[in-house]
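Common to both upcoming complexes is subunit A, partnered first by subunit B, then by subunit C.
Presenting the complex of A and B:
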């Protein structure tokens, strides 16, 4: 019965929270800009609409193109099983943090492969940018994971991302948190790195790779991207937010996610995108911060 | 108190890293001012059993001079010469960030080897001061503009101050005040020199100093 409840709450979170979180981000941005904005559930409606449509495939594409969205969404769902979303994770073992990082890498790989498969030079450009930035974001992620794992004494997400350590580890926690936040922005193509709203050749990274997908494929991609955002944010939220009494683990996580969505919306409305040549520098700074945090924990 | 000082020390190293990766001169000056303010606050958090009036005096001197007066002078210097950015340093920003991270690692290893008093074994003061000194030196030798070299010198001096704070908890305050005055005069002179370089060469790149001009 307990397992059934856990699986049910997991399913609800995985299906419903990503579109709602995107909706809250959009609503915050609209509110700051003085607009009314689309309803919070608009991304969910969009996904449902897309699922009901047919898809058009270019004649030059092969099965690699069709594989992309399916594998990237399933990789995100598999990664969700490792994250303690509803109090406890569905699957947890020593070393699942590595699997988590590699599942994201797998999702990225198939998306890039699908983009290259179209043969469009435009999508090839986006793919090359995505890979270039990911190769800098990954060391930062791994270094931050390493310092958290060393402190927890175990390489599992559930143990690493628990609010513990007390004030003695405050400095290294803050450094890990900062570098993970930069990685979160880079991985989910949020504003200082990439603008999720633009359709301009010069600025796009993630968006350009999925231009040729339509219908259910696009729905899969959008939901997968939202789920990725939810997963990384919930890890950060668990790191800083202690469990709020009365609400339970899942409830306090949801509150934290909503607050984080509002924070991301505020960041996006208050700053502009970085120039493309400055992005690697920001990511290298995140690597350095994570390395410094690791040095502090190892000491 | 111990936790607070550790946090401030980590923040000081983070600010030095930021300086290594930043190209905007006004941004750099603001960051070095913030670092000076952190240094001013640090002596108050280190002494657990209440602080001496002397420590308070030193802290406020540090805070005002390094956090306010010296940054003002630098701001004045760059307003006069009308430059905003350090373009094309000898070592690029990304490599110098990575070098900075490597230097932090080296200084932590060095600090383990140094024969320090037993009370300082667990403190972050020694490794942080070593890494601040090294990053300041890196900044001094890898940048071209005179202003950024002055900022590197300030970071370097901040590291030396930290080291002094580590090895003798009761610094003879006359010496410390003397050092502060020296730094103040040095930066003051450099501010004037920067203006002279700018007037003579139409630029404050120190590379051009090797060229003859009247």
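Presenting the complex of A and C:
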């Protein structure tokens, strides 16, 4: 019974939270810009609308193009099983943090393959940038994981990202948090690394890779990307937010996610996208921050 | 043990017979397949027996050569590598028949068959050798048959150059091994491996020399940075089925040698173990960085072999570290990670070389810039390439992830009480290697198989024969199978790792239990991803079934005349990362920008030469020539003076004896 409840709450969170979180980000950005903005549930409506649409496929593409969205969404859902979303994770074992990182790598591989399948120079460009920046984000992620694993005494996300009772002032946690936040922005194509709202400028990364997708494929991609954002954010939220009494683990996580969405919205409204040549510098800074955090943890 | 002998003999017999019956292609083909099949059956059943814990009696025959005994034995470590030799040997051999037939005389059939079979037989003999002299004989046979394979197509100058370079490197390595065995043999008074193990400990200086000689001798074969100079030249030069065997198994014989020596001589010091880990990670990072920058598909694969050897060496070093600090559990984890990755690398790398061969044959060039859009023309080859590429990137539902996961688990163990800082930095390096591998192999697979054809030849490419596809499909199935059900492969790796670290059976069983349970979950998650994907695929199909699905040109962002030449190329694809790593890669760029009012000619050229081969080796060679110029004055070509030397020497000896 307990398991059934867990699975049910998991399904609800995985299906509903990603679009809502994207909605909150957009609403915040609109509010800062002095606009009313689309309703919070707009991304959900968009996804449902896309699921009901037909599709146009390029003659160049093959089944690889169609497989990309499907596998990347599946990998994100598998990764969700490892994250303690509803109090406890569905699957947890010593070493699942590595699996978590590599499931996203799988998603990236198939998305990049799908982008290259179109033979378009734009999507090739997006793919090329995506893999380049991921190469720098990955070490930062692993280093941050290492310092958290050392503190928790185990390499599992549930233990590493257990709430630590109040905003932990320890400098090491802050450094790990900082580098994970940069990784989050980079991996989820947010400003200042990437702009999720442009398609046709020559400076974006993730969005240009999915230029040719439409209909259910695009719905899968959008949902998968939102889920990825939710997963990485919820890890950070769990690290700093103590469990709020009365709300329970899942409830406080949702509150934290909403707050984080607003924070991301503020970041995106208050700064411009970095020049592409600066992005590696930011990511290398994240690597350094994670390494310093690790040194402080081990001190 | 007679089974090992039977396997070696049947493969070598097939080698000789295939040469004799070369007139009739069908006969030769039947002989090769029968020989490999018989060898596989004999060797496979032997490995199966040994890996199930049964002892097989050793075989020792007197050999009329001083110090030598024809001594064969198979333990779990040998069985593990024997399995790899036979699986890859059989798959590549059968594929090779199709490859030779389809090459229309491009690949000379007689040497390609003969040397390949000799190579397989020599490697099977090598893993069973229990005497240093027998080991060296098998080692040299392996090296020479590989030379024969590398210079198969000796009509082309670059092939001759690669062959010569390989021969030189192989012999420098062999010389080091001779020195190594001479040192050990003098100490033990015998050339038997068993005698080395029971001999009194070597003095510190000699021990260091042994370590260094082993590292150079075996490292030359395995391709550790910067001893890899021959590798990226020789592997592309050989026919593809031979490159598969060389890259998938032969270089791993270097790893086998190191592990065997470690097993004989016992644990190394902590510093030496750390040096191994560092060397492994440097090899891995540099290997994959250069892989990323290549535009020759087989060269890309060869560099990625260097990367994988680096990962394996790092895992082995971690195992050594575990032994040095007296923690058998850590040692077991490190060694099993290394051995599992060795097995996995053998499978996916040979798969990738075989598919690269099929693509090379279909398009007629190894240049990635001439490929593209092969997915539609060679669907099966491309599916198998995709599986191999994903496996080599270490992605979850496939086997590459399993070995890397074990090594990560070692590195990020907070409870182990070792320098967590260094191991975490090593883990970060490994993560970077994994991410670079995604760059290299989305390039190798994506630009080759996907998109639009970049040349007329690519447009006309055709699927190869089933005899080539079958072995590739078998290897791909193994990659998927090990990824989803890691249990059996883990058992094999643990048995061999226990042998290397001399770990007692109770601990071995407990460790195997623990890790196979964890990896079982990992495999299950991988299977879950596959199942979910299938589910979403069906969902997508049912959603689209009632809707309009149209076909059109790729969206060109308003540009209406896109051409295949506008696609990202092999040089532009890794460019963002290559710019970041420019200081390390040393990519040379020659840019002729558009000039004048009506620019007519624009050119851009970039190349990434190997620093060890192009920059360091010439300097070293020049230095060496300088140093040797003094003794070289003695050699000037004047016959009279040479005769004078001889008579002077004789007089000196005569006086000395008086």
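By definition in this document, the second predicted complex is superposed on the first by the 293 of 299 C-alpha atoms of A that agree within 3 Å, B and C clash if a C-alpha of one lies under 4 Å from a C-alpha of the other, contacts with A are read in each partner's own complex, and residues count from 1 in each chain.
Quick note on the criterion: a contact is a pair of C-beta atoms (placed from the backbone, for glycine too) under 8 Å apart; a residue touches a chain by one contact, two chains touch by 3 or more.
Keep in mind that this is a model prediction, so the values were computed, not measured.
With the two structures aligned on subunit A, subunit B fits next to subunit C without clashing.
Looking at the shared chain after the overlay, A:285 reaches subunit B, while subunit C stays out of its contact range.
Legend: residue contacts after superposition of the two complexes on their common chain; A:175 is shown touching subunit B, with no touch to subunit C. Look at A:296: by the touch rule set out above, it reaches subunit B but stays clear of subunit C. By the touch criterion stated above, A:45 is placed in contact with neither subunit B nor subunit C. Contact with neither subunit B nor subunit C is seen for A:35 once the two complexes are overlaid on the shared chain. Comparing subunit C and subunit B on the residues of subunit A they touch gives the larger count to C.
In the superposition on chain A, contact of A:54 is made with subunit C only, not with subunit B.
In the superposition on chain A, A:5 makes contact with neither subunit B nor subunit C.
Once the two complexes are overlaid on the shared chain, A:102 sits against subunit C while remaining clear of subunit B. Nowhere in the superposition do the C-alpha atoms of subunit B and subunit C come closer than 8 Å.
Across the two superposed structures, the residue set of subunit A contacted by subunit B and also by subunit C is 280, 287, 291, 295.
Those residues of subunit C whose C-beta lies close enough to touch subunit A in the complex are 372-373, 375-376, 379, 386, 390, 393-397, 401, 405, 408-409, 412-415, 420-421, 424-425, 427-432, 434-436, 438-439, 442, 445-447, 449-452, 518, 521-522, 525, 528-530, 532-533, 535-537, 539-540, 543-544, 547-558, 562, 564, 566-568, 572-577, 579-580.
Listing the residues of subunit B that touch subunit A in their complex gives 3, 6-7, 9-11, 13-14, 17-18, 21, 93-94, 97-98, 100-101, 104-105, 108, 124, 127. Listing the residues of subunit A that touch subunit B in their complex gives 167-168, 170-172, 174-175, 280-281, 284-285, 287-289, 291-292, 295-296, 299.
Listing the residues of subunit A that touch subunit C in their complex gives 51-62, 64, 66-67, 70-71, 73-75, 77-78, 81, 91, 93-95, 97-99, 101-103, 105-106, 108-109, 112-113, 116-122, 124-125, 127-129, 131-143, 145-147, 149-155, 200, 211-212, 215-217, 220, 276-277, 280, 287, 291, 294-295, 298.
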